[in-house]
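The same subunit A turns up in both complexes below, where it pairs with subunit B and then with subunit C.
Right after this comes the complex of A and B.
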């Protein structure tokens, strides 16, 4: 199976790296944000930073579903599990997100709450069918990629007339977060975006047009493989050098201008825009998230259980906000790697492998001068 | 010995019940008709609370390991063979020749006797193939819902010849890191069975007893410092343990890591990193740089080491980082696993 290697070929990578080095103008710097956590992870896992010249910097964006989930949202899930004794299902990463009172879903699970880790929402739906006497709630998180499966499950639940299945919906929208970052007055300088892969297969490339047109920021949608990201970086540098700002698509093998119309129609049928939604790090953003339409209220956990939202501010020491906005690097947080580690995360960016802090801790912390290592040059080794 | 029971155990339809752990006649019958029948040897035949073993000729190495794998049967093995291989390997990577095993079974009420027989039979076969004897054992039964079918704990004893010392604290900068074969086969075999995933080529666990491969390596005269089997937590955990014990760093070469392409694709599909996935029939060896090629040749000459490779080297590093040069041409840390990636893998 050549599939995996084809996109990670070291020779191709060094050719691309040479082009980037040749075309990057040494008299300026390039600050490029990869929006998506999948890209953050790929960049870190493959050591892509080592192939870029010093004046090309990748800035990690907020596209990590677990990272942008505010404490108040996890608290809601915890209240459902503890006080309403629901069977709460969610993805593994969400279990460890720190909530109020030093709790997390993992910790309340250990205290006896019925919290289950699932790989898909379909599993949660199955649990509801097998346990008709239990209320099953799926804690749904994620950007446009994970929204269609939630829509499918909600529709199925209605078709099956399930009275015990609901979704605690935290689906959020990519373009809204990009607007929020660009609109932050004190924000960091960004010269362009590497646009998300999977999200764009759903929403298409068109929703990025305003960033090019109105903000003059080039956007290049890139696949998830490290070579895709490098190609996108090269394309961004070319646009920046030429002084233009367009939406380009490196991931033509999967993304079209209009995206997946069927998935969009499905989402539109089941969900509507929330007036506003609190994001961790980005604050409350209007029209940035989805909730089930009133027709599906029976499967909306917030409606079914009369849940109210109580915002909770992050730990004072945690710099996740600034990191999610691209204003700080993980190592600039005072508790990075000491108090806050993947085994004991204080902020959400240290939880998921896609989070900027976790990615830096797991893959890149040898690069920080303060942790200086004695590793030899790559050529010396076995 | 006179048979205790009037009616033989029903090994086709029968199930474990609470009386099988009660210490009474039913338990004695289970031991006699199922365990002893499968495992039969002179030591078990002693029939006492403890087993009397001959005086060993060398230092003793002892290791114990509990097995809770789910599912109990998987491509390439079952909990029975796994519990034999796992403990043999823990003894063998100390450089010792494994001789005896003790086995303790925790059975859940309702567990099918036919499955138990199959599992004990597979233990017997694995032990026989490895020339190791299961000399004593114990059985307990817990109520339905309080266990998950069957858990097995095995304890192994082996003999270490004088003059040979291997350990995780003996790696030194400059040493080479060798790996005996492909990564992640066991973990992905379990996971694909558990998740009902089908791949073009089925993924088979690498569960195997490594002591014969190790014996071959030890006779190659290479100066081996450390041997270890990268089970739970995968190669990443094993190398980080050694780096910490020896207070060194390491640099792996991603391009040199042997991988089964189906396992690699499955990992990719499930978002797992093969460096963290469990192996049950692989070992890591650290040896002096000058001897690495000789050791590699010895490993490759053995059926369990055909795909061995030199995958990296030991460095001086005050932080004890395990790093990897990626295929892409960059570098990253290979850290300890955080959290629980794959529960109940062994």
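Right after this comes the complex of A and C.
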């Protein structure tokens, strides 16, 4: 595929790896967080950690929307499907997230609840138009990439005067999560961030400036392909060696300083900040998530169905919280790969391909612990 | 689900909808979040929406930078990742 294959060239990846090995100072270590689950997936799938010297460590961040969704939020959707008999639509990965009472949306679907997987929120809107007698609820999750599509759908529902379409809104904000990670006093040491690709196409590179300026952490926004990630790591190492902290943009082919203004205006029109929101692993964070503005209350499932949020603690055995904070690695969870597998996830990080545990299970577990030798792990272009 | 891919716009259906070619698969997507898209443009597609137009000149520049690096080092080190 054009604009994919060229960025997966194995020979160039080895050359970037050689530059990284040459420029990384052996007398120090580099702890770099890839915020976004898409990068976690790319790093595992292409074996990039094995191309890095031992003193350059990639730490998985909380940027996997399925992973940070707390149990209490899935429970709300399950209650709507079971007790209010709504037609509940959501993105595929969300169906398998473990909820209270060993349930998931997939399991309640098997019990007869009307739960449907959609590729796009536009499909959910179409279902509402075709089934005027049913209440259609879209369980909306995700960072600033899925939020603008939700805004478009909510606006359309209002324009069409649909009385049976609402959104259970769980949209969360990337900068707020980065602040939360950096503000954890006992948190893991980080020397820089690989900034998200597609979130940044929407919000632009400017929102990362406080992390460089106030926290002195360099940020390099990177595309999702292996060469993008390797180049971003090299750029981070150069900044760290020079004692700089700047926001740089490797994904210049799709990210501008201002981002997508049209998408931002739509989000702003439809959504407002929540006072606080509970994240799995990061706890309750002020001003870290969105909900529909009062003008759109008719399409806000929490308002329409009078839903309350009840927090539920995670399974005691599950280390997702520490993993999402970058404090532990998947293999340090006692039930990783034994009790907890992608077929039977106990925690949310084992659900989606971008979850640290699932990525590690699918691609990385036979290489642990990584010693940083130059294992030829890039696959041929598909 | 955060994965999003660059896709070529094949056909404009109306002001807000288009058909793209996503690795050989034709798919309807919404253009509601972007402006001034023409047939032949590449867009980043995510959950059925174009999020941003891909800047082909900048893509070429990034690739040229990688190529330069390749030449500067005069070929692959011994453990080539092929």
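The rule we apply is simple: the second predicted complex is superposed on the first by the 365 of 382 C-alpha atoms of A that agree within 3 Å, B and C clash if a C-alpha of one lies under 4 Å from a C-alpha of the other, contacts with A are read in each partner's own complex, and residues count from 1 in each chain.
One rule holds in what follows: a residue touches a chain if its C-beta (ideal position, glycine included) is under 8 Å from a C-beta of that chain, and two chains touch if they have at least 3 such contacts.
Please read all numbers here as calculations on a predicted model, not as lab measurements.
Q: Tell me which partner A:72 touches in the superposition: subunit B (first), subunit C (second), both or neither.
A: After superposing on A, A:72 lies clear of both subunit B and subunit C.
Q: With both complexes superposed on chain A, which partner does A:53 reach: first (subunit B), second (subunit C), both or neither?
A: After superposition on chain A, A:53 lies in contact with neither partner.
Q: What is the contact status of A:146 with respect to subunit B (first) and subunit C (second): first, second, both, or neither?
A: second
Q: Just checking: does A:210 make contact with subunit B only, subunit C only, both, or neither of them? Give me first, second, both or neither.
A: neither
Q: Quick one: is A:96 in contact with subunit B, with subunit C, with both, or with neither? Answer first, second, both or neither.
A: In the superposition, A:96 touches subunit B alone.
Q: Is A:202 in contact with subunit B, with subunit C, with both, or with neither (first, second, both, neither)?
A: second
Q: According to the stated criteria, A:283 is in contact with first (subunit B), second (subunit C), both, or neither; which is it?
A: Once the two structures are laid over each other on A, A:283 reaches no partner at all.
Q: Is it subunit B or subunit C that touches the larger share of residues in subunit A?
A: C
Q: When the two structures are overlaid on chain A, which partner does A:37 contact: first (subunit B), second (subunit C), both, or neither?
A: second
Q: Look at A:126 in the shared chain and tell me whether it touches subunit B only, subunit C only, both, or neither; answer first, second, both or neither.
A: neither
Q: Would you tell me the residues on subunit A in contact with subunit B in one complex that are also in contact with subunit C in the other?
A: In subunit A, positions 1-4, 9-10, 13-14, 17, 51, 92, 119, 227, 374-376, 378 sit in both the subunit B and subunit C interfaces.
Q: Sort out for me which residues of subunit A touch subunit B in the complex.
A: Residues of subunit A touching subunit B: 1-5, 8-10, 13-14, 17, 44-51, 92, 96, 119, 226-227, 341-343, 361-366, 371, 373-376, 378, 381-382.
Q: Can you check the complex and tell me which residues of subunit B touch subunit A?
A: Subunit B residues touching subunit A: 176-177, 195, 249, 251, 253, 255-256, 261-262, 264-265, 268, 273, 310-313, 315-319, 321, 323-333, 335, 338-339.
Q: Which part of subunit C faces subunit A closely enough to touch in the complex?
A: Subunit C reaches subunit A through residues 1-6, 8, 23, 30, 32-35, 42, 44, 46-49, 51-56, 58-59, 61-63, 65-67, 69-70, 73, 75-77, 79-82.
Q: For the complex, which residues does subunit A have touching subunit C?
A: 1-4, 6-7, 9-19, 36-38, 41, 51, 63-66, 91-93, 119-123, 142-143, 145-146, 148-149, 152, 197-198, 201-202, 224, 227-228, 231, 250, 252-255, 260, 262-263, 266, 352-354, 374-378, 380
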